[in-house]
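One structure follows; several queries about it will come next.
Per-chain residue numbering starts at 1, and chain names A, B, C and D are given in the order in which the chains are listed.
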Amino acid sequence: MQKTDEVKVMRDPIHGYIHVDEQVIWDCINAKEFQRLRRIHQLGGDFQVYHTAEHTRFSHSLGVYEIVRRMVGEIPHLKESLNEYEKVTAMLAGLLHDIGHGPFSHAFEGISALKHEEYTVKIILENSEIHHILEAVDPNLPKDVASIITYQHPKECMNQLVSGQLDADRMDYLLRDAYFTGTSYGNFDLERILRTIRMVDGRIVVKESGIHSVEDYIMARYHMYWQVYLHPVARSYEALLTVLFKRLKDLYRIDTSICEAVPMFAPFLSGEAASIEALYELDEAAALYGLSCLIKWKDDIAKDLSYRILNRKLFEYKTIRNSEDDKDIISEVEKLGYNPEYYVFHDAVSQTPYSPYARNENGHNIWVLEKDGSVVELSKASDIVKALTNADLKEEKKVYYPVEHLVL
Amino acid sequence: MQKTDEVKVMRDPIHGYIHVDEQVIWDCINAKEFQRLRRIHQLGGDFQVYHTAEHTRFSHSLGVYEIVRRMVGEIPHLKESLNEYEKVTAMLAGLLHDIGHGPFSHAFEGISALKHEEYTVKIILENSEIHHILEAVDPNLPKDVASIITYQHPKECMNQLVSGQLDADRMDYLLRDAYFTGTSYGNFDLERILRTIRMVDGRIVVKESGIHSVEDYIMARYHMYWQVYLHPVARSYEALLTVLFKRLKDLYRIDTSICEAVPMFAPFLSGEAASIEALYELDEAAALYGLSCLIKWKDDIAKDLSYRILNRKLFEYKTIRNSEDDKDIISEVEKLGYNPEYYVFHDAVSQTPYSPYARNENGHNIWVLEKDGSVVELSKASDIVKALTNADLKEEKKVYYPVEHLVL
Amino acid sequence: MQKTDEVKVMRDPIHGYIHVDEQVIWDCINAKEFQRLRRIHQLGGDFQVYHTAEHTRFSHSLGVYEIVRRMVGEIPHLKESLNEYEKVTAMLAGLLHDIGHGPFSHAFEGISALKHEEYTVKIILENSEIHHILEAVDPNLPKDVASIITYQHPKECMNQLVSGQLDADRMDYLLRDAYFTGTSYGNFDLERILRTIRMVDGRIVVKESGIHSVEDYIMARYHMYWQVYLHPVARSYEALLTVLFKRLKDLYRIDTSICEAVPMFAPFLSGEAASIEALYELDEAAALYGLSCLIKWKDDIAKDLSYRILNRKLFEYKTIRNSEDDKDIISEVEKLGYNPEYYVFHDAVSQTPYSPYARNENGHNIWVLEKDGSVVELSKASDIVKALTNADLKEEKKVYYPVEHLVL
Amino acid sequence: MQKTDEVKVMRDPIHGYIHVDEQVIWDCINAKEFQRLRRIHQLGGDFQVYHTAEHTRFSHSLGVYEIVRRMVGEIPHLKESLNEYEKVTAMLAGLLHDIGHGPFSHAFEGISALKHEEYTVKIILENSEIHHILEAVDPNLPKDVASIITYQHPKECMNQLVSGQLDADRMDYLLRDAYFTGTSYGNFDLERILRTIRMVDGRIVVKESGIHSVEDYIMARYHMYWQVYLHPVARSYEALLTVLFKRLKDLYRIDTSICEAVPMFAPFLSGEAASIEALYELDEAAALYGLSCLIKWKDDIAKDLSYRILNRKLFEYKTIRNSEDDKDIISEVEKLGYNPEYYVFHDAVSQTPYSPYARNENGHNIWVLEKDGSVVELSKASDIVKALTNADLKEEKKVYYPVEHLVL
């Protein structure tokens, strides 16, 4: 693999510096699909709660790359067992794992026929600037990078680095989102975790002496979910986006002039898979400009919802504990002159900080290396994690709806 | 003044929390002109150097408000000498001082007939949501707020709070920009400065015991200017914006179809002052979408420059120490097939960390209250500041130009 | 209560500043019994693991005072319900709660007939500089301060401030010990907890919106216990102190010349309660000097143990999981030529992060104020805390012993 | 050189971790002379101003070692030009450079015939545990380590690492003292300085791109001197120590029974050089215990001064601007019943943040590597440093004296 002339470094508040000395990494960073990530926020609607959560998937992707780079260079046994090609492949998978994201993250997937993971793989494998950079290095590189992202690389540890339970992706975003929201919930001791990770029998494990750091990391995840990612005000913003996109798709079926009003959304409204070029063009700048066009357009619902999104006239919310709790909401919304199909939104969220065996035995557990050399699943080694795993964690149901009629 | 039902707080990494308990402040924050600041980055092109510098004028404006709020509530003599109306007026001036910014800050002023300060005043005084909120509280409130922003309020201390040499604006942005770039240069001891500020004879002064904190703040300014605000890579991005805007104005004179291609820029191309509605609509989302439209448009220069801006194909730069240093650049640029009128950009920057008497005696000096009760200008009280003030600080001249021809 | 001429402030890394404006607080800080706390480390043997854990009970005591000061000045309902005298009493209790500590914290209590809490009360009530300062303000002040420290103040909330489950003492030491060890385990969001505390029916409660901060605080306690307070290397240091003190008491019974060799320890060797003057004189400087005297004294065991303590020749340790695990240790220690009575030390530690009803209903639970106005015990309101409370948390047994014979 | 079995790491708030993988380093850390540094505070009397400044020379010495370790392992050209033996020698010099310190740093040198640097060299070269550890590795190692500490190593860069103008000693103590005082003055960007250091022609230089970090470091030094190291309250504490030591030496000449009262001070009172064993035994625990003995002894002056030191009854101070300013002080002190010879103390302090050529050309300048490859002295390359170097920085004169007569 070709090295850069000198080590490139980029100042980063989470990692001190991001270090790049592989030419292919540098070229991918400068590719237009990667630069586009500067125009996709990391945290959807969370800036509506934490006003400084304005960071993008660009810096997060660099951070994931940096953690993978340290892992493949520092973890005993792992660093010796991977060759240069495999190390760079893992770093590229870390760097590119979010390249297929559309605007506003999860809400956008409501109109898109493909999920962001599918777009990520398509961008890597199809006719993109990223693809050509990878292919020029080695014809197998695109599919090898993609195989890590789909958790199908034949070397289990390669998959675990990027998307296990103790992976570079989660470790970067917890620290980064904590920093940019200004909360302390997401903090844990990354240095200590990296120092206590080992590879045993081709699997990433953490030494028993690092178990308290891992417990801290599990709790960080738990708190960040409730305090940041699932915050009802952020969900309210995403609810507005979801019902707006639903409205646009409904309009498309009866009046395709919507495609001229907001051409950036057009390729996504038919229900068929849009091209990677269409995704490239729909960054958040385009999407936000689209909203400002809708405010001036003829459909009252799209106008009202777009105005609410741009100007933070969010829906209110109410927690639903029994079936009576939302019974009057539809009629109240109708009284305000709104159509409940778009103006009443139900949401249910739940999360467990850590669930062993959730998907498959190897990739989705955290493994602990005990002093006697045996390897056990985390909830067997940690009383705290066992308690959390067995806990009966409640689901929260909420309904979102407007409480005032806007005059536009 | 009407209070909010309860104190509203917003988590902020710089100040811990932003506290709001005045209804008019809360209403202004929720006005559409203020919410638009979420779509204007604080630091123009600096995210090209420091990839996490993605924060916006929204959070900075809240921060300035918070510092003014603390000043009028905590500084001895000041807090007693201002009435409630004056305190809220000062807080509003802090909150709204940047409301007139266009996209990409300074580069944009190259095409705009009005400066951002002029738009700020117009938004406060004319037909805007902000104006109506202020006017409803007191018919004089809009002009009183504006008078602070233009440094013309009859009470000198009111002007100093927001735009003196030791003002809430600079104190917030140094700390905030340091945090979001991940550098340590902008740090200084805000708590200690706030604790040692006093009001003497209607003027903001700092006690002698706070002089080292002020020296530290002056040095923070110096370092942030060279390391962040005037960084040549950020200037290269702004150079591209400047020559693109120049191209758009030149095109407008010969072919007004440019107005259909990028309607968001149209009101600013004629050279006449655009309305505050036109400014409202030209946020950075609109401007970035405009660039993506220009990439597909017919003019090769606008296409090339827009592509460079969106995809970080920046101009290189060279420091000019004598007149020989740039003599071959024009011909080299021409050899690449580019028009030097748009592809060679000269820039000269300089800064002094602190210049007493730079504008007028009262507002633009920092005053020190000595132990014997006398008040002297800072460079008389601090050996370090005196040395800096007398230093022969050099101007840096650079030329920016492309080194490759892009094939689009 | 008499105010100081101006607010005294002391820079503090945890709280920014410690603020003092009550003369009696200032006088107590300057009393010789309080200044002595500068010579008592906060964390016993932890500096043997975390070399920067060199902070003292002096700064911790100021920190507890500062949190109490903020609580009685900021918490809604509480601040209105306490009069000036009660507020100052609570602040004094926070300031003075650790005044009776001997050297090396817990190990010392092995030779002392009185616990540190008993000495604290005696210093406040008997013939000390502190006592005279308090008494001069109000003859009831000494006993009122003492009643909070013994959790017997008639106003329940006064007791809770200083020694409940969510008290100023724990909140300061978790943050402070995390800072000075350089670990991140003890961090939690103090500001948010302070903002969500209320008083309801004379009891300190935390609003439901602060529940995640409290969960974070509970986990901080859990992690600090295992990673810092109960760290086996720190316990090994304390084991050495414990067996040395046992040796000194045993020697005293057969040869009182030990009293001339180490006069500072003499008053504590008989088994009777020593005076507060004797405690005053036995700070850690005296105790460490005593160890250096014992190194030159005639008893081989005292000499060896003192040498080990001063020069970090700690005992090794072994975890005991079943009764076989320590069976050979006594004979191995004897083979090294050591007396197992002093050279084999068994230790068992366990901890639960939070145990409702552990002592009594009111003081030792954390109470949550739900949105409907009801108050419930924390483990009823938090799934996580409920899981931790029900968890079967293991006790750890270890044996400590030397592995080399020192030649002195 | 023998490596340790595995890398030993110690958590450190300044450097994250201290890493040790050389056996000789590990053995020196565990030697009794090095462990003694846990009983010598880093900052003399500064804990009287900044109550958390309770850290010791033990952690500072580890920090200096860690920076040297990084320098010899990371700096381009330097790392290739030193062999293993030289690298370890440099690390040892960093680790051991403060091993000869007595209690209370500078004040103690008033009674000691030797300076701490001289004791450091004696401990390394004579009959100490440290010496034997070094000698066992290589008979030349003691003198090679000592040669760096005396700035006489034949390789100039080796001297610069530990005691140049941009050395590991200063860089650690500025950051560490800032952290433990809780001030922000000492902060600068260590990572960036380490990244921009190079070796050119056997000399340590800093690249032009690192010049702003170095300016920041110079200012950090300036502010730490005035705000911490030369703070008048800390000086007042040191003044008390100085006049007490003067009293002890005067007493020794007339009555050697002082040697029985405070045997730990005895070897230092005659004016002859005390042995390294005597220095070993006089740690701060012994010295503080000595003060408590003096409080009970017969000499009223020693009693009073010792009481003042232990219980923070400091001298007041007055700035002297002209010869009239202190004229009445002697008579006022006499009126209080005190002997002015011990109770009036004059002090003059001044400092320049950076003085080129102060001692010799190579070692005591900071050198800048310009982009064209030339090397210039810092004040030639930095306008700010040039201004500071030329500044007329004032000397501050103060007189310290008691304002109350203590009744003991």
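Going forward, contacts are C-beta pairs under 8 Å (C-beta built on N, C-alpha and C of every residue); 3 or more make two chains touch, one makes a residue touch a chain.
From a predicted model like this one, the values you see are computed outputs, not experimental measurements.
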TODO: Averaging each chain's C-alpha atoms to get its centre, pick out the one most distant from chain A.
DONE: D
- [ ] Please state whether A-C or B-C has more C-beta contact pairs across its interface.
- [x] A-C
Task: Same or different contact residues where chain D meets its copy chain C, judged by the half mark - done: same
- [ ] Could you tell me the distance, in whole angstrom, between the mean C-alpha positions of chain C and chain D?
- [x] 32
Open item on the list: Between chain A and chain C, what distance separates the C-alpha centroids? Give it in angstrom.
Closed with: 44
TODO: Would you mind pulling out the distance in Å between where the CA atoms of chain B average out and where those of chain C do?
DONE: 50
Task: Per-residue multi-chain contacts in chain A, two or more chains - done: 183
Task: chain D contact footprint on chain A (complex, rising order) - done: 9, 16-17, 191, 195
- [ ] Would you mind writing out the residues of chain C in touch with chain A in their complex?
- [x] 183-185, 187-189, 212, 215-216, 219, 222-223, 226-227, 383-384, 386-388, 390-394
Open item on the list: Considering only the defined contacts, which chain B positions touch chain A in the complex?
Closed with: 10-14, 30, 32, 35, 38-39, 47, 50-52, 54-56, 58-59, 62, 179-183, 264, 281, 283-289, 292, 310-312
